[in-house]
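Shared between the two complexes below is subunit A, which has subunit B as its partner in the first and subunit C in the second.
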Partner chain A sequence: MQDLEMRHLNGPEVGWDGQKAMEKAKALLRRGTFFSNYIIAFVIILTLNFVLPRMMPGDPLQAIYGEEALLAMTPQLEAELVSRLALDQSIGQQFVAYILALLSGDLGHSYYYNQEVLSVILDFLPWTLLLTGTALVISTLAGLILGIESGYRRGRQLDKTLLAGLMFLSGFPDFFMGIVLLLVFGVVMGMVPLSGALTPYSGLEGLPLALDILHHLLAPLAALVLVRVTSAYLLTRNTMITTLKENFILTARAKGCTEGQIKYRHAGRNSLLPVVTATGLLIPHLITGALFVEIVFSYPGVGWLLYNALLTRDYPLIQGILLMVTVAVLLANLLVDLLYSKLDPRVSHAR
Partner chain B sequence: MHVNVWHEVVESNMGKAGLLLIGLMVVLAVFAPVLSPYSPRENTSTPAFSRPSADHWLGTNDARQDIWTQLLYGARTSLTVGFGVALLTALISILVGGTAAIFGGLYDRFWMRVVDATMAVPDVIVIILVAAYLRPNVLLMILLLSALSWPGGARVIRAQTLTLKERMHVSAARTFGAGWSHLLVRHIIPDLGPILVAIMIQDARRAVFMEAGLSFLGISDPSVMSWGKMMQYARVFTYLEVWKWWLLPTGLALSLTLMGLSFTGYSLESALDPRLREADHHHDGGI
Partner chain C sequence: MLEICDLKVSYDETEILAGVDLDLLRGDSLAIIGESGAGKTTLGLAVMGLLEERASGRILLDGKDILSLDEKEMRKMRGKDIAMVFQNVEDALDPLMTVSDQIQEAISAHLEKGDPREVDDRVRRLLKSVGLNEDKGGSFPHQLSGGEKQRALIAMALANDPQVLILDEPTASLDAVTKAEITCLLRERIREKIVLVITHDISTAAKLAEKMAVLYAGRIVELGDTKDLLENPRHPYTRGLIRSSPNMTTTKDLQGIPGRMVHGVPGCPFSDRCTQRIDRCRREVPLLKEAGDRMIACHRGGIVPLLELSDVKTSFGDFAAVDGVDLTLYEGETIALVGESGSGKTTLAKTVIGLFEMDDGEGEIRLEGEVLTRRGRDFYKKVQMIYQNPKESISHRMNVLEAIAEPLEVQKAGSPSERRAIVKRVLEEVELPTDDAFLKKYPHQISGGEAQRVAIARALVLNPKLLIADEPTSALDASVQAKILKLLLNLQEKRGLAILFITHDIALARKVSDRMAVMLKGKIVEEGPTSDVTTCPVHPYTMKLLEVVAPHLAPMRGARETRDGSGGLWEVSEVPPLRAREL
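Presenting the complex of A and B:
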């Protein structure tokens, strides 16, 4: 029954899964099986990465390296790859070779870029980090403030407008929100650039360069924030509503606290806890959302790289990107679970 | 207090809007052949990139295909995937969650561990990975999405079944020697109704969203028209005016379907939650 209550308290499920995370966090903490689920999830992805190409009919080398590699294939190269992947040995030994290669940071070789997969990804990663990082900070802060203001004014005009408006916005898939912003502000109004992360060959440095990067960042950032701000907003609003009914708020009022003090210091602070969960939840969605938004804006991040890898069937690159994203998502979840128990003394005492 | 949940959903504005949107999409999907004389892949005799006209309500695309027809058949794909995943996840959720609650013990603990681990797996990644190797089709998509989205439902069903299990009529049935399958089918499932529907709506929404996103990435059944695929093709032509009747209507159709599902789900969940219901009746301005 407790699970059920949490689920409703979190409000409507729009584009994200509040109940899923709350339950996940709670279940994990309760059983003290903190890391094992993440390890299991990671092993599942690793196994898929290993098994899928080897399961394919035909030459496993082709399935692992894609057709691009066959063009460059010479007998020497083939022999080298077979011995490197241990393809002439048993499945067990192949798996050991695979894991050992991963441990040494070897994600394989991209024949399309003619580079090691890891170094290709590292070239594109900073832009994704910039996009998801700023989107995370802005949507959490905006969601918190809007949620506090809206919850404090429950039932009034501002609250109703915000609730309906944000619910409406969160109904858009992020890539379509990106397309709409691109069309309106890029194509029709010509206010933002249509693609890229900076103006090529501009020779800008210092502040002008930063402004140029910001200019390119605005539209993809706005697309992510507009769709994703709702989760933090709804959670904060719901917590505000329940917190405002508590006795200590009445006490605060009686002793003459100002509106602002009650709103932010007394009630608002109590809404922080669920927002941590919401933020943690947001990270996987933001990462995958950023993948899609990057494609729309041809923003040179990991998502755009993944799209091109899918188009060119660059299998080692696809595998490498997905592995990195998995690690990022799992680490983020783990971090939030740890932070959650730090923030809420009840949770750490219960353990 | 006994509350007629369905009645409340139909009465609320949110519920009405949601059901209306879902109904609209179902009509478009079901009557697609009636609503359009073309087939989605037919190369018509109209020139490519024609503006909307009486013959082609949304004009034609680069391959002289009728965009309105593609939109209708895209609705079929989205709704098939959504409905299929909702049905399959509900089934797995009941089987796992229901039996875990009834049997308890080691069996329960085993399944809850599986639920926890599956929840930690990032689903978009698994699907992209699998689809990159296997040729994706609608059935595979439904199976994959269901395989990854059942744990949330199973957990809720388990929690709900645990409370239902203690109700008088269930204990009575048990005293008369009813087996677990009888208990589940005759006594537990009927009472799970509204919650089950809420879970199904959530899963359907996610499935429609994921299918569109994945086919936007190019991961889709090549023989089937879908909204994500239409947007993937249309995106390339933003420098022409065609986006007004190609890209935009497709995205709107997808967004409206998603909104229809969220609105219905939201009103259903508010009807199920006494606290939110109370909040709706007292408009005291929060002070």
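Presenting the complex of A and C:
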């Protein structure tokens, strides 16, 4: 009946197929607006990265490269820089030049490393990705599982112990936890190496190399995970407690579902959504956390690089790293959004 | 066979179920009705083994005690032997799973190793059996309408063809049309099972269950066949529930039940709200006992007959003004006595109150079960009358205070100041001013409506159980009349006042009475529930009376005789499907 009315409204030439095509176009449009949000955010980040140094008082070159760097600069280099940054041109043309340079992968020149900023960052990035990636995955997974089990046993011994223990751990800052772990397991017990990401010049390959990397990773990873796990845990536990009161849990129990099915398939999956969102929001925190932990463990990642760049006032490098980090955060959010619509069918339909 | 013995469940200190006994055989369907908080859902969950709290007593399914099973054994029974259809509330279905997956889960939960194709096939058949299109199976709950979700919930409960099916408010959140469809579907699917329908919706209960149990504060207070119980409720609580639930034939204004439900009171749980309680009700818990065609838990054996007339005759010389009247008036009930002038209505009323002498012979008038021989002060404490013309019925020489306090003086009740306080309280009840100026007014100084209120106040000041109202509003404006009648109904709700309402106005009688008796030439020619008498009259005189006031309703008349007992006040018969559906 309804279909008939719809067809009638759409006129005779738009049949059922026409309607389907329209639906598709609408869906595509929704997709478009979804991605355009990210594109707009990206453009704003680029613009800020471009505008901010230029808004500083004095010579833009000085603002971008710092006073000391400028002192060491030869007139040829200055001329080259001026032309590369299009400083002798209008602001619009400068922006175009900046974007073009970015597109060709040119983030500027690090005078401390005397290398392209991009290549410097790329040298250090894998270690940070390894550290933050594993920390993110492990802390989220552990938080989820602990939260599900704890929420399911609300008020019982396991729940109380976990809650108290994790709350206690989350009170420490990352770097403090790092120092404690370094002292206890590295210095006193000698179980983990004190610095670095792998044993230099060891000539290891294959599995021994992987184990060596893992060995170096353990302590900084543990420091990050121990502090981060609590937020995922707490959120999962609390969501779990609310979800368990929902009616569909009763429906599932009435069907004769096993405890495991109720815990994970029904309650767990429904508790996952806020945790995924929160994980996305946690990524920036994790990156700043990694920065400190990398410094404590002298772990050769982007955090450690940023720290050194700050010490040496290597402005192009700092700027490059900040751009990288903001883009990384943006990408992480995009991933979370995509994942979210996969996890919750209601989201993709609402859009 | 499902046997529930002395089932008790407490949350914290409160006893939610205080000893429930039920026996149900295969093919039985029982509706559990009652207000929210009566323990209906707790009962359902207890049978499902889904209660968090420890329950005491026994729930035997084919001799196996559900309450003694451990969680693992119970899990195997849930959804397989005993299943529950939940109310389609916002989140009764998992929002993240398709409907098919959720139904499939109900099947696989009880399969050791299932052939996936066979399971899929069963899911498809189930969807079809509840009237859902196959492609709806792939939908998520948020893409379905309320009725479709309810169908999915039903499919899930039916997945393993359970012996016992519990329907918890199966249609509560649906619109009327969908409700009728779902009810129809359920009726088809629940045959040959033991069915418990948990609902506060009496009409749904009537359509789905053959038997009905009324639950109050964790106890069953009345249990009987659905039709009998609804047409002739015998526990005061059941009557209160029915009076507050309208259906399409309800004629009397809705009335509630005074007070609110409290769990764990000593004695009868309903005693605080009951208008016919005696001392014993506060002390002892009444047991559910067989009483005629049903079981009732009431120390007074259900709603008590207040006034019983049998073969009452009143003659003036040779003329029999009242010629053999049988009539029973129950506590808290209104009977409208209708008929034209001279039919003997007023004579009957005056005979009851003792203004006319009843003829000697077989005739008997009983008040609260005792035969009336002489009418003393005690009688007038219980029975009072109000008259057609209020100004004439109050002495011109008495002011408001004196007129209302006079019955108290006659009964020698209290000191003058106490009487004054009582008069003021009654005046408040009838919504009149209580200031000195008003108390000192004489009948000619107040309006007709006020005068009738004063007359009502005078009648009520002794707190009578029976009020005989002889055309109490015929001298009043329509709006004043409406207010006075509302007042009477409110007092009935609050105090359990029984009213013998005498009028020639059938339209009026229809709005205030539970039952209607039609009088002609000193005899009652027709008597029955007001909605029945006014919609399907049997006696030609009643038809004539109705035709005079509502000629356009004429074709409906006379239908009651041919009805086979289905229908009546509550639609208990098969519901025809409202839309063409494929099943």
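By our rule, the second predicted complex is superposed on the first by the 276 of 351 C-alpha atoms of A that agree within 3 Å, B and C clash if a C-alpha of one lies under 4 Å from a C-alpha of the other, contacts with A are read in each partner's own complex, and residues count from 1 in each chain.
Note that a contact is a pair of C-beta atoms (placed from the backbone, for glycine too) under 8 Å apart; a residue touches a chain by one contact, two chains touch by 3 or more.
Source: prediction; values computed, not measured.
Participant: Touch check for A:F35: first (subunit B), second (subunit C), both, or neither?
Facilitator: In the superposition, A:F35 touches no partner, neither subunit B nor subunit C.
Participant: With both complexes overlaid on chain A, does A:N270 touch subunit B (first), subunit C (second), both or neither?
Facilitator: In the superposed model, A:N270 contacts subunit C only, not subunit B.
Participant: Applying the document's definition of touch, where does A:A252 land relative to subunit B and subunit C: first, second, both, or neither?
Facilitator: Only subunit C; A:A252 stays clear of subunit B.
Participant: Touching A:N49, do we find subunit B (first), subunit C (second), both, or neither?
Facilitator: It touches subunit B, and subunit C stays clear.
Participant: With both structures superposed, pick whichever of subunit B and subunit C touches the larger number of subunit A residues.
Facilitator: Residues of subunit A touched, subunit B against subunit C: more for B.
Participant: Using the touch definition from the top, say if A:Q261 reaches subunit B (first), subunit C (second), both or neither.
Facilitator: Second partner only.
Participant: Quick check on the superposed pair: does A:I241 touch subunit B, subunit C, both, or neither? Answer first, second, both or neither.
Facilitator: first
Participant: Based on the A-chain superposition described above, do subunit B and subunit C contact any of the same residues on subunit A, and if so which?
Facilitator: On subunit A, no residue contacts both subunit B in one structure and subunit C in the other.
Participant: Quick one: which bits of subunit B touch subunit A in the complex? Just the residue numbers, please.
Facilitator: Interface residues on the subunit B side: 112-113, 116-117, 119-122, 124-126, 128-130, 132-134, 152, 155-156, 159-160, 162-163, 195, 202, 205, 209, 212-213, 216-219, 231, 235, 238-239, 243, 247-248, 251, 254-255, 258-259, 262-263, 265-266, 269-270, 272-273, 275-276, 279, 282-286.
Participant: Which residues, counting only subunit A, touch subunit C once they are in their complex?
Facilitator: For subunit A paired with subunit C, touching residues are 246-248, 250-259, 261, 265-266, 269-270, 343-346, 349.
Participant: Can you name the residues of subunit C that touch subunit A in the complex?
Facilitator: 48, 50, 71, 75-80, 83-84, 86, 89-97, 102, 105-106, 109-110, 140, 142-143, 153, 156-157, 159
Participant: State the interface residues of subunit A toward subunit B in the complex, per the touch definition above.
Facilitator: Result: residues 1-4, 7-9, 11-15, 17, 19-20, 23-24, 27-28, 33, 36-38, 40-41, 44-45, 48-49, 52-53, 55-56, 63, 151-156, 159, 167-168, 170-173, 175-176, 179-180, 182-183, 187, 194, 241-242, 244, 284, 288, 292, 295-296, 306-307, 310-311, 313, 315, 318-319, 322, 325-326, 329-330, 333 of subunit A touch subunit B.
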